[in-house]
Amino acid sequence: MSNQTEAEAGLVARTEPIASFDQQLTLVSRIQHALHSNPALVPLIVLLLSVAVFGALLGTKFFSSFALTLILQQVAIVGIVGAAQSLVILTAGIDLSVGAIMVLSSVIMGQFTFRLGLPPALAVACGLAVGTFIGFVNGWLVARVRLPPFIVTLGMWQIALAANFLYSGNETIRAQEIEAHAPLLQFFGRSFTIGGAVFTYGVIFFIVLVLVLAYVLRHTAWGRHVYAVGDDPEAAALSGVNTRRILISVYTLTGLICAFAGWVLIGRIGSVSPTSGQSANIESITAVVIGGISLFGGRGSILGMFFGALIVGVFSLGLRLLGADAQWTYLLIGALIIGAVAVDQWIRKVSA
Amino acid sequence: MSNQTEAEAGLVARTEPIASFDQQLTLVSRIQHALHSNPALVPLIVLLLSVAVFGALLGTKFFSSFALTLILQQVAIVGIVGAAQSLVILTAGIDLSVGAIMVLSSVIMGQFTFRLGLPPALAVACGLAVGTFIGFVNGWLVARVRLPPFIVTLGMWQIALAANFLYSGNETIRAQEIEAHAPLLQFFGRSFTIGGAVFTYGVIFFIVLVLVLAYVLRHTAWGRHVYAVGDDPEAAALSGVNTRRILISVYTLTGLICAFAGWVLIGRIGSVSPTSGQSANIESITAVVIGGISLFGGRGSILGMFFGALIVGVFSLGLRLLGADAQWTYLLIGALIIGAVAVDQWIRKVSA
Amino acid sequence: QDVTACLITKTDTNPFFVKMKEGAEAKAAELGVTLKSFAGRIDGDHETQVAAIETCIADGASGILIAASDTSAIVQSVQQARDAGLVVIALDTPLTPIDAADATFATDNFLAGELIGKWAAGKLGDEAANAKIAMLNLGISQPTVDVLRNQGFLQGFGIELGDPNKWGDETDPRIVGHDVTDGNEEGGRRAMENLLAKDPTINVVHTINEPSAAGAYEALKSFGRENDVLIVSVDGGCPGVANVKEGVIGATSQQYPLQMAALGVEAIRAWADTGAKPEPTPGKDFFDTGVALVTDEPVEGVESIDSDEGAALCWG
Amino acid sequence: MQAILSARGLDKRYGRVTALDNCDFDLMPGEILAVIGDNGAGKSSLIKVLSGAIIPDSGEVFLDGRKVNFSSPIDARLAGVETVYQTLAMSPALSIADNMFMGRELRKPGFLGSVLRQLDRAAMERIARDKLSDLGLTTIQNINQAVETLSGGQRQGVAVARAAAFGSKVIILDEPTAALGVKESRRVLDLIQDVRGRGIPIILISHNMPHVFEVADRIHVHRLGRRLCVIDPKDYTMSDAVAFMTGAKAPPDIAASAA
Amino acid sequence: MQAILSARGLDKRYGRVTALDNCDFDLMPGEILAVIGDNGAGKSSLIKVLSGAIIPDSGEVFLDGRKVNFSSPIDARLAGVETVYQTLAMSPALSIADNMFMGRELRKPGFLGSVLRQLDRAAMERIARDKLSDLGLTTIQNINQAVETLSGGQRQGVAVARAAAFGSKVIILDEPTAALGVKESRRVLDLIQDVRGRGIPIILISHNMPHVFEVADRIHVHRLGRRLCVIDPKDYTMSDAVAFMTGAKAPPDIAASAA
């Protein structure tokens, strides 16, 4: 009998039970557990804190349903683009072309209606198709040609933006004209009011989009695969995930969502302007990162991005209402971004 | 006697030689080996190809020592900032504040000389010190407070840029004034000519900086540690690298290099202007990524960044000389960035 | 009573708008008006301006002074503000349509361009027929000021325009090329280098503003061409006027942002007190705050002031 | 008898390093084939080719006698070949259950599953826990733990449980017990024999000679990137096997025991 | 006799998971102490505390009788404690030589080294190759290969060679032979005995009972996050040891053999 098998003699009388999973559940440990299993809670806490602080400083000017829903309107576009950005960043990529896709799609919706004379619904469909197609090209280059996402989308950003200026001839289509001839383009700008709170359809779209994506990422196989690809692409491929298909679908979906953002944008500003959306890239990435999604992929939740976008919105409106001038606002927002994430980090640490 | 030890009986008569490392060295395998051990060779090839193509299309207009050194002058600042950016990206970080540090430092050099009346040398020293200090704060926040580099430098970007505008009061100091009273500030703008080729001191600084950093990264312990930290920070810490010290030193050095870039900037534009350098972030990151340095850290060489910066410079000037208008140039550069990296990827693949 | 006014500029990094803000602040302090100022991040960033308008409405301001980044895109928000009872005054850049604002205090940017175009043509005399012109513009998104100054210059110089709503579609062989500068020294130098590499015989340079002119001058200097090229520009800031005096810039069209801002604040005060709206300049659909050509080498047929006079009126 | 999985003339080079050098391979139906060899002999490279994880520079792979071209592990899995890689191939940030069902998630029955495509987490967690208990991995305290928080051995146990649960035609195990304790190793060996009992052939790479000689029907000795010989554990001693694989002894004629 | 490295009352929790639960530890001068226990028992967590890689929630560590607070592995290394972690702790993209000398690089003599701080690559590569040859890792074809391109076993060999080359006071090995072949494992065991011969005590974590019983002077049995008992391999059989660690048998009085 071999030694190793000899050693196994000690196993004969084994009587281990299945490990039991119950434990004392104190309040603190419950909170800790909640924070661990819902990473979006931390940015939510930061958000509530900042609303409270500005509310205390500004009173009802800020703490009214009107002002609070105004923040929602102001962040809706960055938030929609941020939702798309979240998907890409979860796969350990980055999409610098989101802003350009958004503007180009909105320009196509407008120009196809007014220059080519297409029915608005068809023009909108064309805009959505173009956005989706650009997203698909991004995905194809990333997944098939294996180029770094940063480079692919940087190049696509320039291409889409230049195409946008070239095609539109730098012309803005005025709100009055759209209102008169193609109100469908402004669909997402319509709003309804519930006791002082103003909700535009764009805001509703934003919220629904985030909820749907949160559901998909958490409760479907595709969602788990997105996380797996971002976490360790090699391991994901070895364990049976079609990483290419996932990447292509993520970028394509991102393109579609950005095209929708373009439509929402028309609703928000009323007109179709080729110079919109220039800071959508950096702002969407900021929302994603403040929301606790790791730029290295595979970690974080899209609800976090939602709260992250709102945090920036609260700071911006709050500081403006406090009367800080623009440069001071930028300076303070810079400091607050660092501060918000430091608080986030600290909460995670003490709750570990 | 145990089975495992029994198995080892087979070892008694072992006679393995030390593995020998010699091999047939064909031309192809030599090239392959060169490409593998010098990752910067691939962007160099892309660079030479693009110079050749534009040279063929444009003849001596492009292929003159004058035009080629003009490209060097045009990329020097992005290149210097890119060298700093490379260090940070090698540690798997990213520095969005490089442009802001550069401008703020140049503004301090100018304003301290002209508003506070300090001797130019002292003002320059102050500018360098401020840049270094901002870098140190970035590093401290990243290494000690463990905040994500993206967030830290995003915040710092806004802070430094706003500070720059607030402090300078958006005032430009004119070239003529600097020339008359503080020519030291324009030091890097001086130039000498060797047979049609024009070299500014700024260009020389850029080249020397890249060579020194290439040496340091390859041949000193600090350089190896930078790679190790970017590769796998946990493994680096476990195997005895002081990751915090490395991170802080990298960001601090980055701040110093950006401050130098600010000084070179004064030399290039003659004046001190708070609105310069706004695109330095994205351009420096582009150069780094085209140069083959991985955004995930730990892989790539700073010489690659050098060639990456030149590739962009060659494309920009080449396209302008071909007569593309500004919008088309912008579009084509986007396409060419993707193309350059695709060629790079392809060379790596066939040489694998 | 308490009057709050908002000032929304395109950016607050361009000295032009910084001075506009200073002018507004000074006037506001004099009239007892609380002034809050906002700005876009970059030229063309009209979304931040929309957010700023919304903030002003939420803040209960009496009026808004705005230099619009996109003259059409902003109109719907402006309408919202007017519906909420605020008076909206466009500064520097008229809205499209111009009556979307209650009033407009602006420079005629096309005229500003035209003045320097005429001056350059006059200065070259017969040589104007063989000129080699470099056009250094603002950005590829072609903001309206950029287009107006560019097209104004070409018209003034006597070049046939293509579509007057965009630059870059003219076919006149005298134009060597267009490039973009982002309105700063660095971009000015790079753009000038690019165009000089394309054609080293350039002898006229149109620049979108004075910082880009200073950058272009550095490039010319490095090519050894600084003395035989005409640089013209628009703005009339103090560094620019000083550059005219020293011969760096041949001529510049001077605008008056301080005046625009001061007039704007006065108008809001008046509106809050009496409900009266300001009247436009007779014969124009806006209140023209004027533009003057500053040069030390006057040319027959183009009215101008010299650099000393310009320095007395300059704004930053 | 026809081999169920075989390969001929596989080559794989990485730059200057040769991992596979004209390598052949045969797995017979229903057998446990052990693959032994020095560190770096190319065993992992061999099974990566067989499972579609790497594409060889040249050579052919046959499944059930038909030539196959696996271009990814998914192809191999769809063909019924399940593999535990030496690096384990798990997504560190995802939970144990997520990892076990990666690529073949269970959906809820009815509308929720078919239309909303909702995952049946409860079922997946239950099955995952059962499979782990089968392997005696009772120290895992929380089935929703991220894999990165597991101990080295626990992680390996999860990977083995995954392959055993889903393999239908061939199961490949690359050093499945390397990090496992005595108890858990024993369970894995028992499991391997169970699986063979179900008629599924197994490729087992291991450095543990007693384990190899206990369970293997045939032993493929790998040396310097190729099959050196195939021996029957009943005909040779462990010491012979080690002598072959280290090159201390000349191998027997390959045909002798290649079935 | 005083313990060279010891610990009292160590606790470490990860969220809901308890890794160490009031754990004690003692290593005597010049001995080889084996640590055995089930997967997930907390062995790796224990040695991570001892080597400064994690900071315990509570409890104390003593080196040579003096309380120490290692806040990082560097502190421990400076104090002469060298560790091979189960995850190996190597930088994948760097070369073998770079990894072996990480944090204690050799510089060229003279001006090049002292002023230009240039590394002496030739010397580092030579030494690295020698150390690997000592372990019989002769299949490594290129000393400048990136570690990520090594086979699992080769990688482990490099980590062990690194610790053996530099440990001066205590060497900790967490499953050093898990991925190694027969030959390489034997070399590592020989090496362990060599090192002990130089008077340096060793902590050896292993699941391989024959190895443990061959080289260990004492065996620390770890169970559910704490030291269950310490036994002398001469007094107990392997089967006893396994019975203790799986809980099948009650442990002897801890004091009995705790030196």
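Letters A, B, C, D and E mark the chains as written, and numbering starts fresh at 1 in each.
Everything that follows uses one rule, which is that contacts are C-beta pairs under 8 Å (C-beta built on N, C-alpha and C of every residue); 3 or more make two chains touch, one makes a residue touch a chain.
Values in this document were obtained by computation on a predicted structure and should not be read as measured data.
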Counting one step per pair of touching chains, how far is chain D from chain B at the shortest?
1
Farthest from chain E by Cα centre, which chain is it? Let me know.
C
More C-beta contacts across B-C or across A-E?
B-C
How many angstrom lie between the centres of chain A and chain D, each centre taken as the mean Cα position?
40
Chain-centre distance (mean CA atoms) for chain A and chain B, in whole Å, is 30
Quick one: chain C and chain D, Cα centre-to-centre, how many Å?
72
Roughly how far is chain D from chain E, centre to centre by C-alpha average, rounded to an integer in Å?
29
Show the residues in chain A shared as contacts by 2 or more other chains, in ascending order.
2-8, 10-11, 14, 16, 161-162, 165, 327
Scan chain C for residues touching two or more other chains and write them down.
12, 42, 140
Shared-contact residues (touching 2 or more other chains) in chain E
16, 87, 139-142, 182-183, 208-210, 242, 245-246
All chain pairs satisfying the touch rule are A-B, A-C, A-D, A-E, B-C, B-D, B-E, D-E
Chain B partner contacts - residues on chain A that touch it in the complex
2-6, 92, 141, 145-148, 150-152, 154-159, 161-163, 165-166, 282, 285-286, 289-290, 294-296, 327-328, 330-331, 333-338, 341-342, 345
How about chain C: which of its residues touch chain A in the complex?
12, 21, 36-39, 41-42, 44-48, 50-52, 54-55, 58-60, 69-77, 79, 96-97, 140-143, 147, 163, 165-166
Okay, in this complex, where on chain D does chain B touch?
15-16, 208-210, 213, 237-249
Per the touch rule, the chain E residues reaching chain D in their complex are 14, 16-18, 37-41, 44, 86-87, 137, 139-142, 145, 149-154, 157, 175, 178-185, 207, 209, 224, 242, 245-246
Touching residues of chain B toward chain C in the complex: what are they?
61, 67, 70, 73-74, 77, 165, 169-172, 174-176, 189, 191, 198, 265, 268-271, 273-279, 316-317, 320-321, 323, 325-327, 330
